[in-house]
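Sharing a structure, written as structure tokens. Questions coming.
We just call them A, B, C and D in the order they show up, numbering each chain from 1.
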Amino acid sequence: MRPRRRAVSDGALSAEAREPRTATLLIMCPDRPGLVAAISGFIYRHGGNILAADQHSDVESGRFYMRVVWDLGGFALDRAGTAAALDALGRDYAMEWDLRYSETQQRVAVLVSKTPHCLYDLLQARQLGELGGDIVGVISNHDDLRSVASHFDVPYVSVPMRAAARDRSESEMQAVLTEWRADLVVLARYMQVLSDKFVDRWQGRLINIHHSFLPAFVGARAYRQARERGVKMIGATAHYVTNELDKGPIIEQDVVRVSHQDTLSDFIRKGRELERIVLTRAVRLHLERRVVVSETGTVVFS
Amino acid sequence: MRPRRRAVSDGALSAEAREPRTATLLIMCPDRPGLVAAISGFIYRHGGNILAADQHSDVESGRFYMRVVWDLGGFALDRAGTAAALDALGRDYAMEWDLRYSETQQRVAVLVSKTPHCLYDLLQARQLGELGGDIVGVISNHDDLRSVASHFDVPYVSVPMRAAARDRSESEMQAVLTEWRADLVVLARYMQVLSDKFVDRWQGRLINIHHSFLPAFVGARAYRQARERGVKMIGATAHYVTNELDKGPIIEQDVVRVSHQDTLSDFIRKGRELERIVLTRAVRLHLERRVVVSETGTVVFS
Amino acid sequence: MRPRRRAVSDGALSAEAREPRTATLLIMCPDRPGLVAAISGFIYRHGGNILAADQHSDVESGRFYMRVVWDLGGFALDRAGTAAALDALGRDYAMEWDLRYSETQQRVAVLVSKTPHCLYDLLQARQLGELGGDIVGVISNHDDLRSVASHFDVPYVSVPMRAAARDRSESEMQAVLTEWRADLVVLARYMQVLSDKFVDRWQGRLINIHHSFLPAFVGARAYRQARERGVKMIGATAHYVTNELDKGPIIEQDVVRVSHQDTLSDFIRKGRELERIVLTRAVRLHLERRVVVSETGTVVFS
Amino acid sequence: MRPRRRAVSDGALSAEAREPRTATLLIMCPDRPGLVAAISGFIYRHGGNILAADQHSDVESGRFYMRVVWDLGGFALDRAGTAAALDALGRDYAMEWDLRYSETQQRVAVLVSKTPHCLYDLLQARQLGELGGDIVGVISNHDDLRSVASHFDVPYVSVPMRAAARDRSESEMQAVLTEWRADLVVLARYMQVLSDKFVDRWQGRLINIHHSFLPAFVGARAYRQARERGVKMIGATAHYVTNELDKGPIIEQDVVRVSHQDTLSDFIRKGRELERIVLTRAVRLHLERRVVVSETGTVVFS
């Protein structure tokens, strides 16, 4: 017997049952007076009730960021009408916008190698209806974690990655991602370097977990370096991937104490606890449209 | 030579130099559509630019809470006009509101006994211009901390507290507070119990620091009790005082690890670190109008 | 394909490969001079090399606690000889002692209801060889988590629990535990109350995870109570079970921040992160013989 | 009226009243069997009762570290006899050792510039008898903090520092430190770079607080860099100073959360909370002889 999705809910209602149909709007534009009034007025005029609103004005860059969620219950505009209205607003205020409807699940693909802890965590969050989206499949350059995906009834595709034939492997992966109609790709301790081309294609939709408190300890040997430097805490960092190694906008970080008693294995064990928590938090924040990439990293409306 | 206020600024500009003249509005009312549009529209129509806005809709109680800060630079309404407009809005939406202008400093009185650590912290925050208000005086039932107040150029009044004559002592304190035109009273490890009458008079404007992670370990012997229970962390809690001992709405809490090696003195020492940090944070949150008392405690817009 | 135990090791060597054959000795006795010299001298005389030693003298109770681990490589005494020597030392110093050999795996049984997060965590730790013992089976009053145990190749026994027939259910569980030769029973969100008789039988070998920062919020509705009290952090507590509800000696605790924005579902989700981490840590500490029950709780040699 | 030292003790007895006369021994040597037995046997044979003992065997480097504290109450050897005995042990085991008697207070000098928060914290810890040593004076390249030292009845010497005449300034400082018979120099946000010569002279006895989570953000602009990188936590690091900037052995670190809402001033304010806590902890650990410099940083027996 396989666990059914949301079969185990600890008394909590599923997200769907709890929440009304909503729209979540993210906007980014130059700051100027009247923005909040314009957005909230637009929603109110068409019968929407605002459930949550957050904004941030960055004084240095003069940029304005806003996230607003409203109840679609009494909202009079349909999707096309809403898009047209937002386009008009966007022209008036030089505004980029992104709109998500709660009934349209985001589709997530997870890339893994041999280490399962982050994958287990993401799949459990999905099973509990807490991820803010669906996991539509797992891709790996190994076969080790097939049974994990299978246990959670998620497709698993093996795409071996050879340095000499990376282009071909990436094309194969891209084909799978296209077939799955993936909206987001999560690197859950995926131990391969991806090409600039692949990274560019998934810009802002490609999240990695790095096993250090960035910007300390870039690269693959982060725990070893941390131990050699004699730090008293180690960290984990979830970030969007860019073409500079471990330099992308940070979404979430956390740390845990270590001491002289901790061997490299202890660092790895303690770090594992962090990695999965930090990655799952970051994925949820992204899927709930709480993250905007800004001049100096990210604005996270949490 | 005494330290002058803000003489030591670590390169940071003082709050006043950095920030424009602003108004901070807190509102509480039954939730209904159009609230954000109404408030932000009102500010925009009169030429105000919103610098920060936070809101919270409590689904269970149906209550709506909002904090909004706007630049008074181009704002066309004067104080009387603004008050009249908010009164009108208040009637329309059954809204309670509280408005603060940045140029009107909140006036804080601190009550202490013999322990100085929280007092030092509050006075340092004031000296750096980081408290969000001014400390206008210190009242104590002892004389021990007079030199601390004096070092920071703050008045110090000694009001001995005898159980038999508490009414008289409290009247004396109240007279001092009235003379100082205090807006907020902070109990910074003040070891006397205050009467219901006094507490009622200062409702919502009387903050205490309790030396435990409430609701665990109510009362004066919290560290001793924590040690006897064998907890692995101890905490501190800043809360508004009500007439039920250590039951008032919680503003802020934090914890620190302890172990079997820690003696009672170690608990006290580690707790002291927490107490002052938690209390100063809570006072700053209150003075910046970030705290609203709600059905189940507080809404803290941080 | 099922994951094989320790197949996924993240580059770390398995515990066995890394570590030599060792003995771990825990002692408890009245404090007096010469104890460390007596223990360390005994080990040295017989050719043992001490790898780790920790001690604690409790000033108030006058009790002495020690944990010492030595390499059995050159150690001249066999098991019987060692036991005899420790018995003699035990008589001289009124000493209780407990000795564990690294090649004898502790055997753990896990009791669950419907919630899988703690079980997944324990089983992953076992799979990585990081638990400090083996999980020999899972018992549940429901059938929901059978597939989880099966995925990790661990036996699963369903023992329905009816209030009216608790004695019979517990006898059935006890028979399974006996058959499995369990050394430790872990309640991993097991939602049934166990009888005094059962608890007494497993005294000091029965670990529970409680979903609050004890002693705050005893009982089943801890998250709900925490939310109603308006706390700013929630916690989890792993403790030995005694016959007083949620009053047993605490092994480990941790906390996470919450805010007014967090619904009861958010409390449950955030708490789940804590529960599994705190429980797995506590089980590992116990299995590595790092925990001694003391007058006021536990001494944890970490 | 000035606060008298330890006048304000929060009910805790002073360290002196609580604790017996003790000796604290730190040893470092190549690991080999019999070390714990040799040390504990030596203490026991002369009538000493061990109050605390900690050891660490570093598997990779093969180094052994130990800290042991014993009651001098019934100890038969005088200081000369103890030193001779330890010299003999030292020869047998190629052991470096360091012995401190509780009645000999360590003498600390604090170097500051204009920022007082760390100085206040150290002076308060001293006043409470919690620092593990005495502060015998404050040296600064400015005059701003004279009143702080004066408030706590500690000498204050102003030694202006000019890049062109650093040698001369450092000679002047060294003369003051010699006169004060300082055992430890603490850089409490001292904003000048010290010469290699000065640093070498105080090697292992010169502690600095750096305003980042090292090794991230070396140098003077750490908060600015942290903000530009968009980290979600900032840290503070106390370390021994060496001739490589911010590369010395780390004693203690801690972190605090930041967000996109935090301005540079907020980073500075939040960092200040950390800096003083981390520095005071590190100084206490050093003075209590809990820190040994090792191959990869420090062994901290806490």
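Please note the rule applied: a residue touches a chain if its C-beta (ideal position, glycine included) is under 8 Å from a C-beta of that chain, and two chains touch if they have at least 3 such contacts.
Since we're looking at a predicted model, the values are computed, not measured.
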{"item": "Subunit D and subunit C - chains in contact with each", "value": "A, B"}
{"item": "Chain whose average C-alpha position is farthest from subunit A's own", "value": "D"}
{"item": "Equivalent interface to C-D, taken from A-D, A-B or B-C so that over half of the residue contact pairs match", "value": "A-B"}
{"item": "Separation of mean Cα positions, subunit C and subunit B [Å, integer]", "value": "42"}
{"item": "Interchain centroid distance [CA atoms averaged], subunit B/subunit D, Å", "value": "35"}
{"item": "Overlap residues in subunit A, where contacts from two or more other chains coincide", "value": "263"}
{"item": "Contacting residues of subunit D [partner subunit B, same complex]", "value": "1-3, 7-8, 10-13, 15, 18, 114-117, 120, 124, 128, 130, 143-148, 151, 263-265, 268-269, 272-273, 277"}
{"item": "Residue ranges of subunit C touching subunit B (in the complex, touch as defined)", "value": "56, 58-59, 213-217, 227-233, 235, 249-255, 259-261, 263, 294, 296-300, 302"}
{"item": "Residue numbers on subunit D that touch subunit C, as the complex places them", "value": "32-37, 40-41, 43-45, 47-55, 57, 74"}
